[in-house]
Amino acid sequence: MIIYKSNGSWFGHVSHLTTSYTMRRILLAVGLLGVYSVVVIATIKFLDLHRYLQVDSTVFSLLAVILSIFLGFRTTTAYDRWWEARKQWGALVNNCRNMAIYVDSMWPPSDLEIRHFMAKNIANFCLSLTEHLRKGTQLDRLVYLSEEEEGYYATKDHIPNFIALRIYQRIAEAHREGTINEGDYINIKAQHQSLLDILGACERIKKTPIPFSYAVYLKVFVTAYAVLLPFGLSEQFGWGTIPLTMLIAFALIGVELMGEEIEDPFGLDCNDLPTGDIAHTIKRNVFELLEDRAPAEEHRREEYEKVF
Amino acid sequence: MIIYKSNGSWFGHVSHLTTSYTMRRILLAVGLLGVYSVVVIATIKFLDLHRYLQVDSTVFSLLAVILSIFLGFRTTTAYDRWWEARKQWGALVNNCRNMAIYVDSMWPPSDLEIRHFMAKNIANFCLSLTEHLRKGTQLDRLVYLSEEEEGYYATKDHIPNFIALRIYQRIAEAHREGTINEGDYINIKAQHQSLLDILGACERIKKTPIPFSYAVYLKVFVTAYAVLLPFGLSEQFGWGTIPLTMLIAFALIGVELMGEEIEDPFGLDCNDLPTGDIAHTIKRNVFELLEDRAPAEEHRREEYEKVF
Amino acid sequence: MIIYKSNGSWFGHVSHLTTSYTMRRILLAVGLLGVYSVVVIATIKFLDLHRYLQVDSTVFSLLAVILSIFLGFRTTTAYDRWWEARKQWGALVNNCRNMAIYVDSMWPPSDLEIRHFMAKNIANFCLSLTEHLRKGTQLDRLVYLSEEEEGYYATKDHIPNFIALRIYQRIAEAHREGTINEGDYINIKAQHQSLLDILGACERIKKTPIPFSYAVYLKVFVTAYAVLLPFGLSEQFGWGTIPLTMLIAFALIGVELMGEEIEDPFGLDCNDLPTGDIAHTIKRNVFELLEDRAPAEEHRREEYEKVF
Amino acid sequence: MIIYKSNGSWFGHVSHLTTSYTMRRILLAVGLLGVYSVVVIATIKFLDLHRYLQVDSTVFSLLAVILSIFLGFRTTTAYDRWWEARKQWGALVNNCRNMAIYVDSMWPPSDLEIRHFMAKNIANFCLSLTEHLRKGTQLDRLVYLSEEEEGYYATKDHIPNFIALRIYQRIAEAHREGTINEGDYINIKAQHQSLLDILGACERIKKTPIPFSYAVYLKVFVTAYAVLLPFGLSEQFGWGTIPLTMLIAFALIGVELMGEEIEDPFGLDCNDLPTGDIAHTIKRNVFELLEDRAPAEEHRREEYEKVF
Amino acid sequence: MIIYKSNGSWFGHVSHLTTSYTMRRILLAVGLLGVYSVVVIATIKFLDLHRYLQVDSTVFSLLAVILSIFLGFRTTTAYDRWWEARKQWGALVNNCRNMAIYVDSMWPPSDLEIRHFMAKNIANFCLSLTEHLRKGTQLDRLVYLSEEEEGYYATKDHIPNFIALRIYQRIAEAHREGTINEGDYINIKAQHQSLLDILGACERIKKTPIPFSYAVYLKVFVTAYAVLLPFGLSEQFGWGTIPLTMLIAFALIGVELMGEEIEDPFGLDCNDLPTGDIAHTIKRNVFELLEDRAPAEEHRREEYEKVF
């Protein structure tokens, strides 16, 4: 995620543009369309095909109205997912912090083992969730994992789920043994459950893109529109058709591709959420609260700036 | 549901298009309109009716503005249902998993019978819900059903509701006997109730399409628009009217038909939710948590790829 | 409510159109406007007033943009109410069913009297709510009402509220006597309160239409637009003005009148919710759960098909 | 608030129009713009300035598209506030009624004093809230206030807040004395807290209008648009410019002023919520539930009809 | 935040316009574009380049439709954040007030120390949150801080979080000592947790602006549009192009810059929320409730008027 100061200078950010994979794809598509326009206009000019072409810009205006509604729909739904994902990760920060505070007040101050266990597992839950939403958890990113554990974890499909289960088992055990009382049990169970709810919501956002038909429909329609555009504008604008086609294509293709990008906000793209950094912040907070120190290994900054 | 990688290649998916019932209907309608346009334009050309026709494209632009607002409304409401349904099934996954975890921690580890009972019934609830939202539950899709039970179930109207009642009766019995304590009872009752809430929400989405008047209104208006279109464009565009009419019709009819398809997201259409696979995932999870094994019978993959 | 299968044939439903009061009003208004257009065009033609008329269609296009935004606003807000009302009634089904299940598990199985009391009163709450949201409760629609009770009920203003109070008094009494324990009391009190919340939400939807100024504003604007339309189109389209005026008026008036209809979704109009049938379904469910039988009197199907 | 039957006759309500302060302002502004148009057109005609004016209606169409988006934004946000306020007051009715029911079941039937205290204070909370959201509470609107109390209340800034505190103190006292048990205490505390939440939400709606820049931006833009309009239309429409300018201005100014009006829904304007009547309904309900009678003093109907 | 009476006079506020940093930026940009237009038109006129320019206003109309959709998206999302932030601060007022009420009723009236501790820390939480969301907490803005504490606080990164932890520790201690009972503990813990939730939500709003690509995309597109505009309008409108370009640019740039401003609503801009004043109101309320007096130091009014 590129961090920028909102309300800053108007043009200051444009130079960062090419760092975005999506922006490069947009500019590539616009460039190709420019070449295509040159070919179309040249053909029309040199073969003098004007009298056979009667498409004027009114029809394109009509189609643009319809298109813009659906590009608006595309943008809104993609953004809603992105923002929901952000809310879930914001809630994760709060939940983990609260859970650590509860653990600290529920167990007697002398019980250092449970504090370490909880700090480790809450941190690992967040770290593995980040990876799980990308390409699957890599165990060497987790902290304080004994070799034995690492072997055991490797046999599991769904690491965050497994870690959550371990946390719960420990809480339930303490409850059965009478170490923690009924009120605290109900309280921390609610916190624990919301960890699973956040996990479920993130998986839902990742695994359910916009319905396939809409995605294809928009692409087919935008393509048809862009291909016809030079024919429609050629008579009126001559060579001016080329920049105009590119400007309009920039608007249309850009919206579709940016929608696709932010729809899955858990990756490492320019607009994706800094989930890796949020997870490391949680790790640091949780260890600070429960063990009064940060974990040994240093966090190597991810490709994007730290946010939270 | 067709699974695709968002943010992939622009044209890679177009080849899958014809696997969608709705897309085939759209293309059929567009094709028919193309034939109709040919007839209209030919008639006008050969009988030289141009001087009697004065409809120009300005009026169509005006009508398109109004139409696009309502197609936008159609799309948004249909999508909202689809997304709400997805949320409900996401919540179902979480709920069932949590319920299994609670059951495992509430009953003594030695009580294998209750674990089997719960795993079977939670799994069957989800499996029967999938079918219930399609064409009614088929009992042979449920797992571990004794013959006696099968006969009894067959007399029931509403299988998911009946299974939920059985689960509750068992919990209430255990509570009366004092096997489970007050706190656990309140906790698991909340989980149980959200099963029923999800069931109710899915039934609501399935049984209440967009108000009838809106559905008819849109169809009448789109039809009138498409029928008049060739007359309006013929003077200005001649034979070019035919592809233009088809492109505009593609936009309008496509939106209406895609809206209709995703409005009921529980079927087996190309854009429907993979409820069958989600139910099987839940089954596997629940048995893993409670009996540490998957149920005997293998799940034959449904027509669509696995998602969750 | 007309029940139809979404995603069915395109034209199959059009024949049902005239069963809708609103659709008849729309067609009447469109017809009147057609007659008006004939008069306007004829006057202009025969008195040759064309040179005094300079209104062209560009201005109407401009006005249509503004209008369409507000018709979109009208449609969205009306639909939101309709859908919220549907959600409330869906929640009512779930709530009543849960309440019956709780009653069944809270009182000893031998206590048949409380089961009959609860089944009767929950059913009557829903039946009277249906009527209350139409023209006021008619007591002969309620079930198992003794003559004495009927006389007493008749003195009450707000029957659903009074029935809810009776249910609560009975629960509170059982709690005071110690028949039901603390946990169950808290549980069923929450269920009871949501009955009242649903009642309040339905009354809110029914009693607060869109602000008066908006309703009038839209009507005045649509009327002015439709009255000016034939003047604006006459020069360009001649007699063709008549069908065009009617088509545009169909779009504008239809949206406003359909919005008005679905805004109050509790009546017996073509698009209204089948609240009567939902109430009868609840009645049947509740008696099945608590007395294992349906109530004696048969439900005469309402004007619309059964839905839930 | 003007009460009207939705889905009634199309023109029946137009006669009420002039009772609305906002409508009068709209019509005044439209009238002034009409005069201005006459002056502009006359100047252009008599000085024959046509050849110096080249503004055509295309540009106004373009600007109208942008404007309509923001007028739509204005309308939607204003309506959302209005509707949220309505929901809060609907919740207030339910909450107060529930609180009265709880009070009635929590204290022994013989304790008439607490019943009177609660009925009086719940009623006064609502009555003072109505006034507080207008111009500040007038103490003579409250019921059963002893002279001593009136003097004490007069020293307080925020009457509804103070009354809520008194209710809470009484509940906490009863809890400390052991008159009410733990479960009831938790229950009624939740009800009490939602009184304060409703108060806070209403204050938020009242005190935070749309951001200042947007409000000014829209006014400046609408004014510039309306002032330029006659110049743009004069060549094409001549004297017809005058009614056209007025119709367009009616659309634009109307939306802005209606948005302003419903944004603060607690006043006595034609579209404001009938908070006064809702408060009196609550008063009557609460006294009926707790003292089986209405309070002595009669409610003089406010300027608008009774709604709830 | 500029406080204004909604529904006031149309032009009364325009004079305040220049007090807004954003408005000044908008006017500056519009002015620069005016100069640019003069240069463009002059060049075209004097070099007689008209015959090489064929861009007409139709294309700009088409682009404006697309632009307006995205400016609408920009405005809506920015406003949603602003309004969510307002809701969070409204909830903060209620929460703090409730917490003070609970503290007052939970501890024996004689315990003045806990009352002072809570009043001080709740007030300091809000005061430090205001600063934290601007440029970081300045310790001299907090109240009743002993020198020792000030030194200790200065070592902390995240002051509001640290204060919240201190409050919680005190409550947990009282619970362990048995000073407060189970029910009160659960109750106040929920209040405490919502303090942290509000903190998290505000940080989320502040630290996650609209995705970078959208922000840049809009700026690039608006700039391209504005730069091309004078060429497109020059033939048709001549020198009239200059005011028209400025008016259109006012619409487009204004929306983008206002969106940027209200997106981060915690600063001291003209449209930002009066978080400083809200925090001081909370301080006064909390001290009034718990110590019956306002804190010693006087609040120097911030740059904007008091609101809450």
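By written order: A, B, C, D and E. Residues from 1 in each chain.
Convention: contacts are C-beta pairs under 8 Å (C-beta built on N, C-alpha and C of every residue); 3 or more make two chains touch, one makes a residue touch a chain.
The shown structure was predicted, so the numbers you read here are calculated from the model rather than taken from an experiment.
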item: Separation of chain D from chain B in steps, with touching chains one step apart; value: 2
item: Chains in simultaneous contact with chain B and chain C; value: none
item: Chain C-chain E separation of Cα centroids, rounded to whole Å; value: 40
item: Averaged-CA centre spacing for the pair chain D and chain C, given as whole angstrom; value: 25
item: Chain B: positions in contact with at least two other chains; value: 22, 58, 61, 65, 67-69, 72, 261
item: Successive chains around the closed ring, taking chain A as origin and chain E next; value: A, E, D, C, B
item: Sites on chain A touched by chain B in the complex; value: 22, 29, 54-56, 58-59, 61-63, 65-67, 69-70, 72-73, 77, 161, 165, 168-169, 172, 182, 185-186, 189, 193, 196-197, 200-201, 203-204, 207-217, 219-221, 223-224, 228, 260-261, 263-264
item: Chain E partner contacts - residues on chain A that touch it in the complex; value: 1-2, 4, 6-7, 10-11, 13-14, 16-17, 20, 22-23, 57-58, 60-61, 64-65, 67-69, 71-72, 75-76, 79, 82-83, 86-87, 90-91, 93-94, 97-98, 101, 105, 183, 187, 233, 236-238, 240, 244, 247-248, 250-252, 254-255, 258, 261-262, 270-271, 273, 289, 307-308
